[in-house]
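Both complexes below contain chain A, partnered by chain B and then by chain C.
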Partner chain A sequence: MRSRLLMASAFVVSFAAAPAAAEDLTIALASEPTSVDPHYHNLTPNNALTRHIFEPLIKQDENQSLEPGLATEWGVTDDPLVWEFKLREDVTFHDGTPFTAEDVAFTIERAPDVPNSPSSFSLYINDISEVEIVDDHTVRFHTEEPVPLMANNLSTIAIISKKNAEGASTEDFNSGEATVGTGPYQFASYTPGEEVEMEAYDGYWGDEPQWDSLTFRPITSASARVAGLLSGDIDVVEAVPTNDVASLEENEDVSIWQGISNRVIYIHLDSDREVTPQITAKDGSEIENPLRDSRVRKALSLALDRESIVEDVMEGIAIPAGQLLPEGFFGVSEDIEVPEYQPERAKELLAEAGYEDGFKMTVHGPAGRYINDEQVLQAAAQMWSRIGIETEVETIPVSVYFGRASDLEFSVMLVGWGAGSGEASSPLRALLATYEPDAGFGATNRGRYSNEEMDSLLKEALVTVDNDKRQDLLAEATEIAMEDVGLIPVHFQVNTWGTRDGLKYIPRTDEYTLGTSVRPTD
Partner chain B sequence: MTVFIIRRLLQSFFVLVAMTVIVFVAVYAIGNPVDILIAPDATQAERTAAIARLGLDQPLHQQYISFVGNLLQGDVGRSFVFNVPAFTLVLSRLPATLELALFALSLSILIGIPLGLWAGLKPQSIAGHSIMVGSIFGFSLPNFWQGLMLILLFAVLLGWLPSGGRGEPGEFLGMQSTLFSLDGWSHLILPSINLALFKTALIIRLTRASVLEAIQLDFVKFARAKGLREGRIVGVHILKVIMIPVITIIGLEFGTLIAFAVVTETVFAWPGIGKLIIDSIFVLDRPVIVSYLIVIVLTFITINLIVDVLYSVFDPRVRLQDLGA
Partner chain C sequence: MTIQETQVQDEVVPPAKDTPFRRTLREFAASRVAVVGAVVLLLIIFAAVFAPWIAPQNPYDLNEIRVEHSRLEPGAAGRADPESQSLPVPISGEGESGRETLELSGSVPFESAEASWEWVAPERVAVSLDLQPEQNLKTLEQELRVEGLPRGAELSVGEKHDFRNFWLVAPDEITAFEVQLPEGHEGGFELEIRAQQAEGEIEQVYWLGTDGQGRDMFSAILYGLRISISVGVFSGALALTIGLVVGLTAAYAGGRIDALIMRIVDLQLSFPAILVALLLLAILGRGPDKVILALVIAQWAYYARTARSAGLVERSKEYIEAARCLALSRWRIVLRHMLPNCIPPMIVVGTVQVANAIALEATLSFLGLGMPQTEPSLGLLISNGFDYLLSGRYWISVFPGIALLVTIVAINLVGDRLREVLNPRMRRDE
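Moving on, here comes the complex of A and B:
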């Protein structure tokens, strides 16, 4: 019941266009963007921040469905290796220069190749072998093989101005010199660690910007963010801690807004190695890796009381998960139910696999990367102990955790995945596809799960341009992986925003905090 | 004195070298920043490319040698995270921390020394006892909790002061600082009280103990016997004697105020170097960590030097020379 409610709140779409009020908005961010250069660092806070100033060809709405951005129409031409995009004609950059196909070609050239970028956008653009400028407002992308996700990929790329950004470095963007986009707000100032200021752009092609100015302030301490909201210094805060939500909901001066995110919290299992580092017999002697047996993996999944984790650990602010994305996303299977809590069945499965006496394992998780991550893992460990698997928990600081996880140091680990593309091929490809680093499959498959049947369905889906067919292929691939328990989904995160009274926030599944998603209530 | 200073600087140089080696090895041992910074769905090729872009594909000793080479040309490297020169980044955050530390230090001296004198001169009075009890709170209440309570009281409930952040800087004699604007002061008050509470308690206790000791000394008795005014005895003779330990502690504490204002800066979202270093450690941003430590080591060295010179001013018996020399 609760999940329906949350979904409903996340799926509110239409809002009456309110008249522009002469007002400034101050927004507190939980983590600091590292630059205002839109191509320097592919990181959620950066992408969200730069989305005000720059726009992609195709936008993702609050549910990550695609909608026209700087392109009005797009699609595959008769040649499946060529995509054509029609560009909007009435668009000008903040300095008044008109937006044309030249800017698109320039962007595609610069985005994957920013000096010193710790995480570049090349993975979304690599498929494009040639950009063809047909006329000022038509552009074609040529690829080596069919790329059905072209539109999703390009929705992550902010279009910059060739005139202002040619040869520009990240510092030129940070100083504002090259930070000239087409978005509803224009750059005003950037002081690292302190604030980013933006002003409304009068010449914006879309709806008139709601706010005169936006100020973003990074406030990493959650209690400081909440205090800022309560004292009236801050209008909108993101990532309200779950244990503050109840008291804030009773406070008349603030409002709480929640929406489901695209982030699944899951348990990855080493289902590959013959002997896995942290699993032994109860007497400590070495045993063959039990997680290679899908019955054991299934037992671990059925032993999890997801309802209780959501209600008790997450204080109701999460949704139990049975697959990789919540319902409503592209590629999700309608036939997968959230696994019910069946400890007896789990014990039977363990016995069938020859582990009636259980075994001993240490499970790992990050300390403070996801909402209540340590507590979730503690709860899961207790549930596994109840079916006879002696489980110990070790949580590790984030700066060390992910590196060690990628080095396959763990047998069982808690991780989260947000599907940036907003559809199911993203988690399937990264988490469950057989590890083939050079081809970009299984990049984050830290359990080295491998299933040929799923691989071939996924690979077929990735070159299938027909949407209905691709949806079915992805759903089927998901069903196979979930039936085989390639990993154990636990819950979907629900994100919480707080606003002062008189404002509303339209929750976004991609976890972005945008000034354009804040509206006055009326 | 010159020999003393040269020797000091030489020692400091070795401290700096040792520090960079330790940081290099430690950060290298913790992990690879690219694992934290890169998008999780990046391919192996993209990951390798990012590692190469940051120069992390080289063996550690190679990285260290090129670091030293660049350092000799005055370049500490660019932040892995922000892609700006790391030293500039640290220096750009330093004024905010210095403002906070100076303000907090002034507060703790202006409150701590008079209260400590009072408590030392009148140890049995009610005021003397109250001051000592109060100082226990200053010591024992956790810093972050004090900060949150200050915010709750003055920002949320009373609404007198902003809950965090730094104010608009003002200009005075061509210098930009939030110390020169009203908005700046309003933002400074809460975090500096938070930072000053512990130091104030420390100075109160230290001053009181020194006064109790000094008051027994012969020259004080002599001064009294000579019929000097109480004000002069306290203000000149006692104060001069107790200043030696107090200055030592203030000097050391000023260093720690700058270096460890982390908690206060986090609670009040104060954009200083304490917050920067914590964020940088979380993402293993080595160039920033090294630059920060260079700045901090230099600060400590300078402060200690100033403290030593001040000793000789307050106590002519102190000669600035190495005992071993």
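Moving on, here comes the complex of A and C:
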């Protein structure tokens, strides 16, 4: 271990002097993937890690636009309930077996029900009722209803090898036995808590892999990650803390790369229950839940000085948000502006709703899930105090926070949502649609917001195949929910990567840290 | 303790008025270091008790702290929001030129403004601004922000923000510029130019800087000391009471009861105090009352053991035997005869343990289990500042650290000297 470390740094030094085509890359991750089984856990660190070894039929580029992966062409057939995919022909798995439609059918069968999966991929596959193998390189997916998002959905599913993974458990993937994909890197070793190693795959169908080997190390402490980068042990780090960005930008030995993320940080409000657990009158007596009144929700939104949160808490490294995705994404409304900071108007709205004396509330947030999450929540609490709402803050360790939030233990909570599909139906469906988990609506609607008009627009959008029309429907649904303040968007995260000098990182909106996005500067 | 028998030297006070307390005080004062420790400790206690009157700000009141003043350096001034003005420039559709007087949102920095624009090419429009009074442009030290550009549009001046959709333009370039629109753009758009005066008025000077939430560090340290000391003293007093009762009971009763109690104490002492406190707080949650409870449970055993050993020594003495012969009740013997003579060693243990309790509370808060985020104690302040150390903002962590260090050293100096004074075996001849 020790000697390998030394060798790695020796490598860094020698190549810093004379850049060459091939070398090893060590990447520090902020949170550890829970497995190398690509279908075990639908979690950003897992998805990013397995993207090196496995590939989906359709890939998402750094802006989450779709591009051909293992499929070269795809589209709806004349029957709107059937999608046809043409598969790439010259692809082999890491063990040399050719990639065929059999593997696709096998993957679609396995992915939705991996035993003990904490968060499964079924939501992306459930729409498929039948997989039809036309020939070795053509598959058809049959559905019950039109599914315009089929391509987006399948871009999240990594294709595994039928020969190697038939009957394989998650443990078989972790040991490397079943971890055989078509990606540019092949599995070398996985030591939970320590590192994951990969080697370049010579037979890769696409561009030759840039690096000889990749080593991913989970280093959860932000300062330890930065220290590792500064000392030269690490080539690339993700999630550089906003505090350190300014000083690192001045350091000649490292480079900083930033990019917008698809993650909105928002405040969810209990807008459903008659009495909500943490809101009382100022004397502590029980009151009717004020958040059911959209004027109160609007007041809370207008009382937030988003510009100040971005400048003073995030040190400028975030974007004020007025809706669920930053501009440029599919389904975003161009007519929604970021709500201006209007404390006086907020007080008026509270008075109109009958709360001129304010009330008392405790707000909750995770400790360390999102960039500066505790600080953002405290700043919001300050701003709400200024309009007469006595606010207390409680931050909770991440391991228990989300469970408690989903059990509806909180009245007001800070959460983040990254749109995995890269378009607006994802947050609308998960966060704002009326709670109907069996149908896949409102699964993460922890405020139990419900608005029939928005629901019907969203449901229409989900079966509309015409892109322009779907864009308009999604934008309109967003406008309605934002006007009614179904939740309060605060800001969009901006992610920061640090590399040693001589490397560059191409930022991705899905927050993935990929070895394939690291290039040498020339 | 047979204080009466100790030899006394260098009489300052006439011997006639000499009492044990005065003698103790005089002996204590013989050590300069201890006196300095005591003075510092008194100052700290004074500052902590009167913090609400001394501190310029109540750092626990969210209405008083301002996130706009976050991370200011020591000695820096917190300023009000600078006056800002927004100039909406409505540019009408392609092929036309136009001129319009702008509606200004405030009187500073400009009193009137006029904009004219002309489409110089199909997707290119030249904009010029006439701002009055013009010299006010020079007082703008910050760049102006140009918002409302269609996506993909470019300005001929200034620079686009790295990832947000606005351009920053220097004041001397804003009066005439061109906008290059993306291919295929149709129709007009509305530019919004934001002018901000360089600095607002000074509201408050922060002598020790501010933390990430804009809390005045000086006030936060005073209030933090208040929490640390009250948590230390309250938990110390409670643990001392429990320890005395349990320890003396064991010492006086002896036999099985003694064995049982002392095995429980041993069991408790075999767990590190920090581990016990961590576990308890993980279950109880945050808050000063819970921290005190956790510290009492973690520390009572230390007092119990000392009380028992002191009690054992006293029990074998003749005055206890005499009291027994007088058929005094057990409680009377324990409380009126044994207890007062066991106090001096307890004071020594007490001071050391209070210092330990303060350090323990700071540790728990540092680990995020002690005080709530909005009511930071010293440990939580240090922990919050820890994240800023690499970026050079030392003051958020270092100043509370110094306050904690000084407090604990002062208590330990006083405690050490008390031990020397109160324990004849430890006494050195001066």
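By our rule, the second predicted complex is superposed on the first by the 502 of 522 C-alpha atoms of A that agree within 3 Å, B and C clash if a C-alpha of one lies under 4 Å from a C-alpha of the other, contacts with A are read in each partner's own complex, and residues count from 1 in each chain.
Note that in this section a contact is a pair of C-beta atoms (placed from the backbone, for glycine too) under 8 Å apart; a residue touches a chain by one contact, two chains touch by 3 or more.
The model shown is predicted, which means the values in this text are computed figures rather than measured ones.
After superposition onto chain A, the partners chain B and chain C occupy separate space and fit alongside each other. In the superposition on chain A, contact of A:Ser223 is made with both chain B and chain C. In the overlay built on the shared chain, the residue A:Ser129 is in contact with neither chain B nor chain C. In the superposition on chain A, contact of A:Glu374 is made with chain C only, not with chain B. Once chain A of one complex is fitted onto chain A of the other, the partner contacts of A:Ser406 are limited to chain B, with no touch recorded for chain C.
Once chain A of one complex is fitted onto chain A of the other, the partner contacts of A:Val313 are limited to chain C, with no touch recorded for chain B.
In the superposition on chain A, A:Ser231 contacts chain B only, with no contact to chain C.
More residues of chain A lie in touch with B than with the remaining chain of the pair chain B and chain C.
Superposition on the common chain A brings chain B within a closest Cα-Cα distance of 8 Å of chain C.
Overlap of the chain B and chain C contact sets on chain A: residues 223, 227, 397.
By the touch rule above, chain A contacts chain B in their complex via residues 32, 34-35, 40-43, 115-120, 122-123, 170-171, 174, 191-195, 217-221, 223-224, 227-228, 230-234, 397-400, 402-404, 406, 417, 420, 426, 429-430, 437-440, 443-444. Taken in their complex, chain B has these residues touching chain A: 30-47, 49-50, 53-54, 78, 80-84, 89, 92-93, 148, 151-152, 155-156, 159, 162-166, 266-269, 271, 275-276, 279, 281-284. The part of chain A that touches chain C in the complex is made up of residues 222-223, 226-227, 241, 243-244, 246-247, 258-260, 308-309, 312-313, 319, 327-328, 367, 374-375, 378-379, 381-383, 385-386, 391-395, 397, 494.
The part of chain C that touches chain A in the complex is made up of residues 62-63, 65-68, 70-71, 151, 162-165, 212-214, 286, 368, 372-374, 386-393.
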